[in-house]
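Presented sequentially are two complexes of chain A, the first with chain B as partner and the second with chain C.
Our next item is the complex of A and B:
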């Protein structure tokens, strides 16, 4: 199912901090470190589940990938192309490119450049060969046709939102909610074609084409979520970020929507980043799972491996919290003490160490890197696998 | 949506004060439209129908009579002035409310949508305008621009947009966190598109209510300025101007305090009813759109 050679979306050290402002001069007094250096890849056609408790930064990742929040740091590659300049405000593009590429390249020798990660090396070639080492021309490469490129990215990446009630404009007809994307991207040459496209996508998500004339308040939560999916899919994107897409629905509707999303994935060859706090949903739909804790990814693994044998102590405690519908089954539960620390002032070293049952001295001093412990399995823990 | 509108209309017509307001408003609209029929201008001032004809050379007001049903004040027919003044009232109300609401919407929505420094700067400008006492500002402005109805309207527009700006800013600040706005951004809708198609339709109703309330009070403000002699030129059909004529006769004659009552009562009543009509309509709209505000 997964193609390991090239990732559709690569996220490298993504950082998103939100400023907290106070006082009359709106001085920044602190930063909420919602996402603090996250790396992951999504391969074409797979579903990556992103799981973690409330406030760990899952949704922020989704929003940042789509450019709804500008990233504070890090890079996002889509199909090997750096799309970060299009997610950032224009005035930051130059300093981003200098920091990420130019300053780097200038210091390195030819051999060292050969050793860079593939996605960075590609831009070294662009910089030295296409632009002959001219920084201005390299920056222009990213600032030219900015609007068109941003639109192109929007066509490739779409999002399905959590709340089916607030995600549809109450004063627009369904046909216009879905058709707006067609207008913005100029996909239909006539209003008849637009109507046909809307009708087609409505049928694909299991609604009647006649619904195009109705308003959102006439629909149930499940139907609204189908409309939200239709809005995302009409652009025919490659990657869909599903941000808690089924969390607001009740259980019977939830499985319908999950099945619909799986069917659509097959039909449109979609890739999903499925964000949820619900382990059973993640288990149902994901191919691989990334576990987040306080702005960091602590473990990434194929679903089966992760659920069978979690390695990070946080994953272990999550897994042990899944209820098993068998009254005779007695299992050892790992119950965490205390609350999630504040993302304004996260703990030193490993962010999980104050609550970790196997923490040692090194954990509070050094931050464990997210490194490969088995094939396609990465864990950020010095003592991975000590409890399970 | 049609259903929603129907429901709102139904609610509106079940509300007695709303119906009364609407009836009054329709009455004024009728008078304004048929002014040339109700009070036909004399052939001599056919080309300037807004000028009240001079009907007598006696400087004293004359009580209501058959030819002059509302009496005569400063040699001019009050009935004619009140009828044609309806047009002036509508013109002031509609133009000033319309333009100042548009300015307010523009400044408020830009301020709320972009936030940060833009918000800070625009809101401080709004505060500065709010902190200037309106009457003094209007007097200074008309001194600079010269007197006249259009100048009064400019003064009222320049100092009349702040309430709308603040109101729409607050509403948009609330609405811009809704997920449909994020969804529109994710689709790639442009900023003006998001403001016009997504934010304003969901936030504009309180502004419309406020505008309808203001429509009436603006006419009073215009009358105040006319009363101070800043507004309409001599003889122009304007309720405030007619009241201005009454200035010398307000205290009545010796021993007869109410002798010249008609110089105030007729234009005054027209004004009060006009303001009442808009306020009743505004109140009813508010009750319909936001039942929480009902006291």
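Our next item is the complex of A and C:
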């Protein structure tokens, strides 16, 4: 894995809240804080594993990055470019830009702007140099050709879904399911070329080109997941979000698909955001791992460091909870008490404190920040490393 | 496994064949399966989807739908063949002597009755207790399975409980009549790992307390290793291997078992590449001739394609249905040498 200094995808303070509506006027009565301030980077060519239990917000992150849900707050940078304006609905773009950049820049002196993080500083230059400090012109920079730019971003970021049964339209032939994206992006000049592209990608994922004429119900779960992967890869994207892509498959099939995804990553220089609840799968496929709990990232580290010595008490208990297929394997179990709390009303302070075996008073009052404890490794815990 | 032989089997399944007569043809979901469940012990049945593990458990309780038919075999429970009992006699066994918990507690619990009503129903039916005592016992059971504030929870509906709590309520219900056998069909598959650890721990603790036998059906070899005493590995309606849990994991004697173990990435081992079993599970309408695993087996020979291997004792207490146990042993030795080097 080659790692460049600049991240392919950077996520800053990403927030996604879903409203709960009730009553005859459908008033908003509460918010589900699915993702509540998340930061991470994915470097080119690597696989970032995102692991957590159901309801922790890992799927929401994937969907938000692809623009399938508009973000409530925060920024997403792809290839160094702020793509948040294209993920947001049009009417929110202006206030987003003002809040994130313009208001900020106006207050800063030249020296202070120099010290801004690179991704933000870049827009300071665009604002002052290209647009001469004219806000309207700066906003237009993002709203002009919006549709084309959105399309270009979507071509670079694709997703493979969990359920290979519900994610393929049962009334479409495989060739059309995979070829649809080619049509949308106008990548084939003739139907013969489109056929050739579909046939080629089918072979790449280990299926026969003849399958293009068949319907989804004619395939097994593993084959359908291959079709889902082919659909994502035909556009030659840079980033693929795999959302529980192997969770619905039997173990013997699961390892086939994991091997296939690794082969394809090498061949097409793909970057993966691999979302899963299964730590053993995450350990196998990831280069770095981010652990989520209740809308927050609690620990992010290179795989080896994380699995050799987990530092956050939640990571520790998650690892010790996995049943190991060896009856003689002796391990120290940290069995957590209680259930995951509701993301509507998360606990105060550290969100893990009601279930944490080492929680102290400060944990219920103050929220621990996600901070670097070693090189390349961040943990959000006041007492990181106390149990491991 | 010497301790095993001293115990007596509480349930014996002999040559069970359960077929489904569908519009497309006959599905031989379970096709000649033998096993024993010993008192106070856990039998794990492991296999992938469609291997017949759930149908086996439903056959024991005679809970098949009208398309399914038990063709032949015996299910001997405490000396009685369950397949010869009348429906009335069977009803006294179900839930009372052999209880079952299911994968998805939300669909197994009735959404329009409270948890308490549903537990009390079983208690009043089987133990003939009056309502107030049944309620007291229900609360007691809920406390036993670790549900906080059982006096309050007893009047709640299933949707008010979390997934883990629902599974606890299901366990409370199934144990309320003190059954001798508990069949658990993928009881933790729908749960998160931290909750799964809680439920498995609870089941072990209750087994010690009540001394019941458990049939644990799962696709997860990790769960099997954790809770089972004996393991039955199923593939395409057939038993492939049957052995004590330590023996099975240490010396697998069937290529399918070995393949399954290899395809799970273990947390304590580094892999360059996962060992996958090639191909897919065969279609239940057209199982292959000969050994049903031969289409995916690397050791398969012409013999495997024609002749079906019987389940034979290949080591004391260790049964395998494979013609090439010796070839497999050699292959395993080679791989392990490579791993340790």
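Heads up, the rule we're going with is that the second predicted complex is superposed on the first by the 385 of 388 C-alpha atoms of A that agree within 3 Å, B and C clash if a C-alpha of one lies under 4 Å from a C-alpha of the other, contacts with A are read in each partner's own complex, and residues count from 1 in each chain.
Please note the rule applied: a residue touches a chain if its C-beta (ideal position, glycine included) is under 8 Å from a C-beta of that chain, and two chains touch if they have at least 3 such contacts.
Just so it is clear, the model here is predicted, and its values are computed rather than measured.
Superposition of the two structures on chain A leaves chain B and chain C fitting side by side, clash-free.
Set side by side, chain B and chain C differ in how many residues of chain A they touch, and the one touching more is C.
Looking at the shared chain after the overlay, A:184 reaches chain B, while chain C stays out of its contact range.
By the touch criterion stated above, A:228 is placed in contact with chain B alone, chain C being left untouched.
In the superposition on chain A, A:250 makes contact with chain C only, while chain B stays out of contact range. When both complexes are overlaid on chain A, the residue A:168 reaches chain B alone and has no touch with chain C. When the two complexes are overlaid on their common chain A, residue A:321 makes contact with chain C while staying clear of chain B. For the superposed model, the angle subtended at the Cα centre of chain A by chain B and chain C works out to 80 degrees in steps of 10.
Once both structures are fitted on chain A, no C-alpha atom of chain B lies closer than 13 Å to one of chain C.
Chain B contributes residues 1, 4, 120, 178-180, 182-190, 193, 197-198, 201-202 to its touches with chain A in the complex.
Those residues of chain A whose C-beta lies close enough to touch chain B in the complex are 26, 63, 66-68, 150-151, 154-155, 158-159, 161-163, 166-173, 177, 180-181, 184-185, 215, 228, 231, 235.
Here chain A touches chain C in the complex through residues 53-54, 220, 222-223, 250-256, 258-259, 262, 277, 279-281, 283-284, 307, 317-329, 333, 335-336, 339-340, going by the rule given at the top. Considering their complex, residues 48-49, 162, 164-165, 192-198, 200-201, 219-226, 228, 245-246, 249, 259-261, 263-268, 271, 273-278, 280-281, 296 of chain C touch chain A.
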